[in-house]
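Consider the two complexes below, in which chain A is the common component and chain B and chain C are the respective partners.
Presenting the complex of A and B:
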């Protein structure tokens, strides 16, 4: 009954090829946008924004980035943490060198710089693939973290090697620094997340995305039908790194405010984003959001239930959390290898036929 | 979706919270992860002391203390979550026991008006109260520690370290990098050669670092380590037969669990300490009023250990500051701003400590508007593997305040310029 095309007539090709061709789906999407932009900013407080919404939005961007590379183009990457660090340090250097330029421009430029670095580390992908490429990107992860720890120029020669985000404003409202209001940080990240998701969605639907998927499905066949693997792979690395860089910049400037590279952008971050992509669903933009929401919300929910509701000791809950998250990852890989996005797809199919399944 | 709503409901319940009129002391602890070995005893001591004050004295000035524990796993993201989750409950002071989380919280607590006490860790230049209004790091900070270690070596060498080679083995993070600037200054002043060797988080792999030490043959190794890194370093030092008495850890690298894994080989290892460890009368009280009543934090096995004592010392300083605040403001139910005033007026004397059943646990010091750093003294202790205990080698050693004051002024001025802070207390 729900999610049906019946009665939803398209009179143009544009209408037919829009992102959400089913009316019900489209209205649901508008409803989510209206709630996100017009409702949540008025009710949000510091706890909600810092514990749930900022990590969710920022990890969503990172997951979209990795999904483009791994899910759409089939190039396994373990360098996400390192690329996020590039975004963060690029943003920091830009923020401190050009304080009068808008922070939005700095974040986007940081994404651009990360794209350049991503292309550089994507070059080996032309010769190696699979596990071997994963190891090459792992090298990028360790090299980049080492670089930002080793060269004092990147952290402006501060005594501790920490970088701290100074206060920067958008339209006179601070969006970085300690005086930032919850709604301002939230809206800033939300705008960038929606922007990134729209771009990613449309890129993957267009010629570029089809080339990536052709490379993913069978690179030799793709080459024979005229896809240039050099361009396809490097563009995937560039676009992916752009998103990951934007996520890293926001992670540092808006969310944490102070960052230590080894701790914030270590190998665990690469794995976390990879888990998000796998649990959410490879090759799906919605899956990136679902995976990010799952891995951000789950620990918070477990903590709320375990510590605040049941009054269990904090260490017990922290250990249980590790067990539950690990078990769920294994469970997902066995039961639904295509992730939450596939569950959502199946649910939609079921809802179409409901309440009269064949 | 249902989960989302459950979260919403739970979160709302949490955000509303009970409007209790008690004094809230959040404990951002870590009982999991690679640093748990240090986090557990510290947190046990911290919580047990508040439980003792509640059980024995009926609270602080008649108000019960309430400790909210929140697990950070030494992770900055979780630290931020914990801070946001607990600050709405009327938190009086934060003690995150993590330099990374401290850097995160310094701007936040200043904006929210909540004091932050980073005892012997965190940002060293926060000792300058003129710039850092809400951050306190009494009784001593990292630069004091570095200087106290050098002063101890100076004394051992008859006042001169000329031509000696000292290597700093540090945790490659904000925490480990803190002493470098001071040691560089001191190396210029005293003419010793300073080597720096970094160990990456979490520090389980140090073979190459110790090979380098074996090759370079420094006269002394100073270690800025924490968590599993300490145990590994001491074991590796034993493996290359580095003389233990020439190996000095800072006060976060000098607990029982750091030396016991190496067994006999750790005999003679030295470390700094900012508080004395002894069989204090207060432990009897804790056992009687807290542990026997079944309210022990953790498993209750850590009483009297180095970090337990330090956690208890941290709680005691918080309680004394709260008492001072109650006196200043004439109300028992103080808020965070009043607590800050109490911390700024805190005075620790030997009589006060003796009356609390902790005679000589820490140095005497007083805090003022301009000076949030305390006396900056430390003792040197040595591990006796036969008796399985730390033995104090020295009384409180003064640090080189002249060198440190210049560095603190420099670093805090840079922070003030970056953040447009004008100096207070003038």
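Presenting the complex of A and C:
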């Protein structure tokens, strides 16, 4: 009753190929945007931004990036953490080398640099597939973290080996550094997240996305209809790494402010983003958001329920969280390999007929 | 025999043009196994050319040579009057040769519409940035090609499933979607590898009708491999017969049917 296509006719191919073909979806999307831009900035405080909104938005970008590579193009990557580190360090070097340039340009350039590094590490994908490619990207993960640890030039020869984000402003309002207001950091990340999601959506619904999916579903058939596998795979690596790099830059500059590479961008980060993509849904932009929201909210909810409500010790809840995440991943792989996005699709199909299923 | 440059008119009045593809003395070996031995034949514009033969005769290998999967050790492939250098399959596709597979090779995770749209790859050339922003040239191109694809979807009568993921379709429809994808490329030559394998009589009739209609409506040159003799004899203008990698017959269906070598290959021959 609520959610239906009946009467929602399309009379042009333009109308039929839009992102949200169903009216209800479209209005919901506008509503979310309006709430996100015009309501939340006025009511949030530091706790909400740092515990939920910033990690959610930043991980969403990273998950979209990995989803393009793994979900759309079928190339498994365990190097996400390493590529996020590239974005973070590129952003840091740019911020310190050109302090007068806008931080927005730095973040986007950091994404571009990561795209280049991603293409470099994507080259083996032309020869190897599946698990073997995963191992090759794992090498990228360890190599990149090692590189940023060992070469002092990357952290500007600071004594601690850490990188610290200097204060940078957008329109006179600080968005990085200790003086940043909660709403400013939130809005800055939100704009970039929406931008990335739109680009990703446009690419995946057009010819580029079809090329990637063709490679994913059957590379031989893709080649026979004229898809150059080299270009398709490398473009997926480039676009994916761009998003991951942007996420890394934001993670460092806006969210953490100070980063030690092994701690912030270690292998656990790669797995976390991969879990987001798997739980959210491979090959779905919405799934990237859903997975990021799920894994960001889970610890917060567990802490609320466990520590604050039931009065359990903190370490017990932390261990419980590991167990629950692990169990959920196994559960998802068995019950719904296409993740939350597929559950959402099934729910929509049911709602379409509800309450008269016959 | 046939005039090499002009072409001819078939019994039912269709005009067959000049030679568009010519295989010259093709030999293909896998190690010590000779899959194709010194075979030559040509494909003319607008005709339906069948390649038949018993199992293991080298028919599919021949199709794979044409579409660039295999590179013959000896011999030359001539396409549109020029010798074709060794090419990768995607380069062959970009020259206008589309094909279907014996075991369906569709993109299971994508909808029928997206599958057929991938066939328009050659026609869609807007750049990366245009696609990222969607508006402008990318959208115009998408819509124009969508129209072309919808015509093919109409033509093959698969409108009702255009938004269905291909993985959910039954076998017969998948075969039709694969044909649609190959057709969407507007190929100069359409290669069909056993388009009727595993179909019942009704589906075979449908598929035969579509093949004839495609040839008639779009003037597409078709080369097909098929095991059903009735179908081959009814559909094709000329037939190549292969056995153990060698060509044992070439000509109109009637000529081939009365060829003693062909009869021997299919019915067996007494060994004294």
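Simple rule for what comes next: the second predicted complex is superposed on the first by the 357 of 358 C-alpha atoms of A that agree within 3 Å, B and C clash if a C-alpha of one lies under 4 Å from a C-alpha of the other, contacts with A are read in each partner's own complex, and residues count from 1 in each chain.
Please note the rule applied: a contact is a pair of C-beta atoms (placed from the backbone, for glycine too) under 8 Å apart; a residue touches a chain by one contact, two chains touch by 3 or more.
Everything quoted here is computed from the prediction, not taken from an experiment.
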Clash-or-fit label for the pair chain B, chain C on chain A: fit
Which superposed partner A:88 touches (first chain B, second chain C, both, neither): neither
Touching partner for A:47 - first (chain B), second (chain C), both, neither: first
Touch count on chain A, higher of chain B and chain C: B
Contacts of A:246 with chain B and chain C, given as first, second, both or neither: neither
Chain B versus chain C as contact partner of A:117, first or second or both or neither: neither
First (chain B), second (chain C), both or neither touched by A:66: neither
Touched partner set for A:256, first chain B, second chain C, both or neither: first
Angle at chain A between chain B and chain C, C-alpha centres, nearest 10 degrees: 150
Three-chain overlay, closest Cα atoms of chain B and chain C, distance in Å: 28
Contact residues common to both interfaces of chain A (with chain B and with chain C): none
Complex contact set, residues of chain B against chain A: 3-4, 6-7, 10-11, 13-15, 29, 31-32, 36, 40, 69-71, 73, 75-77, 80-81, 84-85, 87-88, 99-100, 103-104, 106-108, 110-111, 123-125, 172-175, 177-178, 180-181, 198, 200-201, 411, 418-419
Chain C residues within the chain A interface of the complex: 67, 88-90, 93-94, 98-99, 101, 105-110, 114, 117-122, 124, 126, 128, 131-134, 138-139, 142-143, 146-147, 150, 181-182, 185
Residue numbers on chain A that touch chain B, as the complex places them: 45-48, 50-52, 55, 149, 159-162, 164, 166-167, 177-179, 255-260, 262-264, 266, 297, 300-301, 303-305, 307-309, 313-315, 317-319, 322
Contacting residues of chain A [partner chain C, same complex]: 12-14, 17, 199, 202-203, 205-208, 210-211, 213-214, 216-218, 220-229, 235, 283
